[in-house]
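Heads up, the next two complexes both have subunit A, just with different partners, subunit B and then subunit C.
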Partner chain A sequence: MNRPLDRRLGWTWWTRNGSYFRIFLREATSAFILAEVVLFMLLIHKAGQDAETYLAYRDFLWHPLMVVLHLVALAFALWHTVSFFLIAPNALPNQVAGRRIPAAFIIGQQFAGLAAVTLLLFLWVAWVGAT
Partner chain B sequence: MSETTIQLEVFRYRPDNGGPTFQSYEVPYHDDWVVLDALNYVKNYIDGSLSFRWSCRMGVCGSCGMQVNGEPSLTCAEFLRDHMPGPIRVEPLVNFPVERDLVVDINGFMEKLDHVKPYLVREDESDDLSAEYMQTPTQLDRYKQFSMCINCMLCYAACPVIGRVDDFIGPAALALAQRYNLDSRDQGKQMRQDVIFQNEGIWECTFVGECSEVCPKHVDPAGAIQQAKLEGAFDYYKRLLTPWARRS
Partner chain C sequence: MSGRSHEPLFWSLFVVGSVLAAVIVPALILVTSVFGPFGWRWFADAFTHNGIRDLLQHAIVRLAIGAVIALIAVHACHRLRHLAIDLHAPLPSGLIGVVAYGGAAAVAVLTAVFLALV
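What follows is the complex of A and B.
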C-alpha cells in the first residue's frame, strides 16, 4: 500500500493568499529598520571623525535614493508599530486582579505612550537646537 | 424549468490507484445547502467511492474540516450561496498526510494533544466521584474563550510553522494547555509547562495569527500562545533571579 500523501505548506506559504503576504511583509519591515540602525551607527562613528568626513556622510544620507529609503523605512516602522499595538491585547491576559481590561484601553495606552515619547524627543531636540 | 446547479472540484486520492487528481461533480444548488450537503449528495447519488469525514452537521464535532477554495473551513458551516456561481474546490486540510480523498491522518495531532494533558489534573485525586471543585464566574472568565476549541484542526492547516516544523505542538494543543493552566481547579501547570516551554512548544510560534482567523469558535489560539510566552519569559527571569525559590 502507498504511503499517505504529504501536502504540507512549503516555504512558499506566504504567496498563498493576501493575508499571509501581509504578515510576511510585516516581518520583512525589520530589514529596513536594521538598515536605518546601521546608517545611524555609521553617522555616530563619522561624527567622531573630522568635519569633512562627517559632512560628506551627511550629504550621502540626503541623496534622493537615500531619502526614498528613509521614507520607506519610516512607513514600514509606523505600519509595524500600529499593527503591533493592535494585536497587543490578544497577547495579554484578559484580567488584571480579577477585572477585565478592555482592549481599547490597552491599545489607547500604547498610542498615548508613543505620543508622549515622541513629544519629549521633539522638545529635547528643539531645546538642544536652541542652546 | 431547469434546476440550478453548482460545480464541485473535489480532490481525489486513492493510494492504491496513482497520484492525486481533481474530479468535477455537478450538484443541485439550494440556498440553504452547505458544502457538506453537496458532498453528501455526491456520495449518495453520483459517486459512492468518495471518502470524507463528517458527523454532527452543526459545527460542534469538528470532523468535517477541509480546504474550501483554499481556505481551511468547516464544510458544515460553508454555504454554497457564498461561493456562487462556483466552481467550489474542495481539498483535504493541508499540513496533514492524506489517507484517501478528503480524509487526513490525524494521529500526529492526537499525540501532540495528549502531550499537553488537556484535562484537569489534581494532586489530590481521589476515588470520590462526587467531589466538587467550585469556581467563581471571574475564574471561569479567565479561560472560557480557550475552552471553546472543538479540535477541528483548521488552525493546524492555517499555520505555516506546522508545515515547516514537524514537532511543533501547534495552535489548538497549546491553546488547550493554556486553557487548563488558567483554570483555578487545575494543578497540572508544571507538567504542561515542561512541554509547552520547549523549543517545539510556544517558542516556535511566530505569531502569524492565521490560526485565530480561521478558528470557527473564535478561540484565538495565537493569543493563548502569546500569553503563554509572556508567562514563560516571566518564569525564566523569576527562576534566574530567585534560584532558591521553589518553582510554582
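What follows is the complex of A and C.
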C-alpha cells in the first residue's frame, strides 16, 4: 500500500501558513504525550522496586527542569485535547432522529466529560494521599 | 505489497486512544508530575513509596491503567508515524510502521509487566 507521496510541498510544508502549522503542532503533540506515558510507565516500574530506588526516580521526575518539561508537555496535551474536541462536530453524525445537534452541544459535553474525569482523578489521588 | 491494509485496525485503535489521551493525559501530567513538586501535600503524599502502592493496589485499577496506557501509546505512535511520513523522513514506510507500532506494543507489554510486579 505504498501510495506515491506528493512531494511538491517539500518537507517544510508546515511553515507555509497558519493552518498547516496548526496541523503540524497537533501531530507534534504525540511526541510529548508518548514521553509522558513512558515516564509514567517507568514510575510504575520503580514502584515495584525498593523505596530508595523508587524515590530516586521520583525525585528525578520532580526535578525543577523536569517540571518545566512537564508543563510544556501539559500545554501540548491540552492542545491535543482542545483541537480534538473542536473537530468532533465535523467527524460525528450531526443528526439524531432527524434533529440537528448543535455543534456547541457536542463540544460542550466533551469539555464536561473532561472536567468530570479530571476532577474524579484529582479526588481519588488526593484522597489516597490524605489518608 | 498486496492484499488488505492494516490501516483500519490502527485507525480505530488510534481514535479510541485519541479520546483517552484528550481526557486523561492533562490530569495524569498534573497529578503525577506537577502538583507534587509544587508542594501540594496530598499529592506529594500520594506518591511516596507506600502511596503509589496504595494507588496501584486494586486489580481493577491496574487493569484500567494498563489498558489506558496501551491505547494512548498506540495513539501517539500512530500519529508519530504519520508525522514522520508527512515530514518526508527518508526511510522506507514499512520500517517507519514497524518502529512505530513495535514501539507502541513494547510500551503496552512493559506496562503490563511492570503493573504485575508492583
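Keep in mind that, in the parts below, the second predicted complex is superposed on the first by the 124 of 131 C-alpha atoms of A that agree within 3 Å, B and C clash if a C-alpha of one lies under 4 Å from a C-alpha of the other, contacts with A are read in each partner's own complex, and residues count from 1 in each chain.
Methods note: a residue touches a chain if its C-beta (ideal position, glycine included) is under 8 Å from a C-beta of that chain, and two chains touch if they have at least 3 such contacts.
All figures in this text were calculated on a predicted structure; none of them were measured in a lab.
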* Asked: Touching A:51, do we find subunit B (first), subunit C (second), both, or neither?
  -> second
* Check the residue A:10 against both partner chains and state whether it touches subunit B (first), subunit C (second), both, or neither. => both
* Structure fact -> The answer to whether subunit B or subunit C touches more of subunit A is C
* Who does A:121 touch here: subunit B (first), subunit C (second), both, or neither? -> second
* Report for A:64: first if it touches subunit B alone, second if subunit C alone, otherwise both or neither. => second
* To do: Have a look at where A:37 lands relative to subunit B and subunit C in the superposition and call it first, second, both or neither.
  => second
* Touching both subunit C and subunit B, counted on subunit A across the two superposed complexes -> 1-2, 5, 7, 10-11, 13, 27
* **Contact set on subunit A toward subunit C in their complex** => 1-2, 5, 7, 10-11, 13, 24, 27-31, 33-34, 36-41, 43-45, 47-48, 51, 54-55, 58, 61-64, 66-67, 70-71, 73-74, 77-78, 80-81, 84-85, 110, 113-114, 117-118, 121-122, 125-130
* Name, in rising order, each residue of subunit C that touches subunit A in their complex. => 1, 5, 7, 18-19, 21-34, 36-38, 41-49, 51-56, 65, 69, 72-73, 75-80, 82-83, 85-88, 93, 107, 110-111, 114-115, 117-118
* Structure fact -> Per the touch rule above, subunit A residues touching subunit B in the complex are 1-11, 13-14, 16-17, 19-20, 23, 27, 87, 90-95, 98, 100
* Of subunit B, residues touching subunit A in the complex -> 13, 15-16, 20, 70-71, 91-92, 94-99, 105, 138, 141-142, 145, 159-160, 162-164, 206-210, 212-213, 220, 222-223, 226-227, 229-230
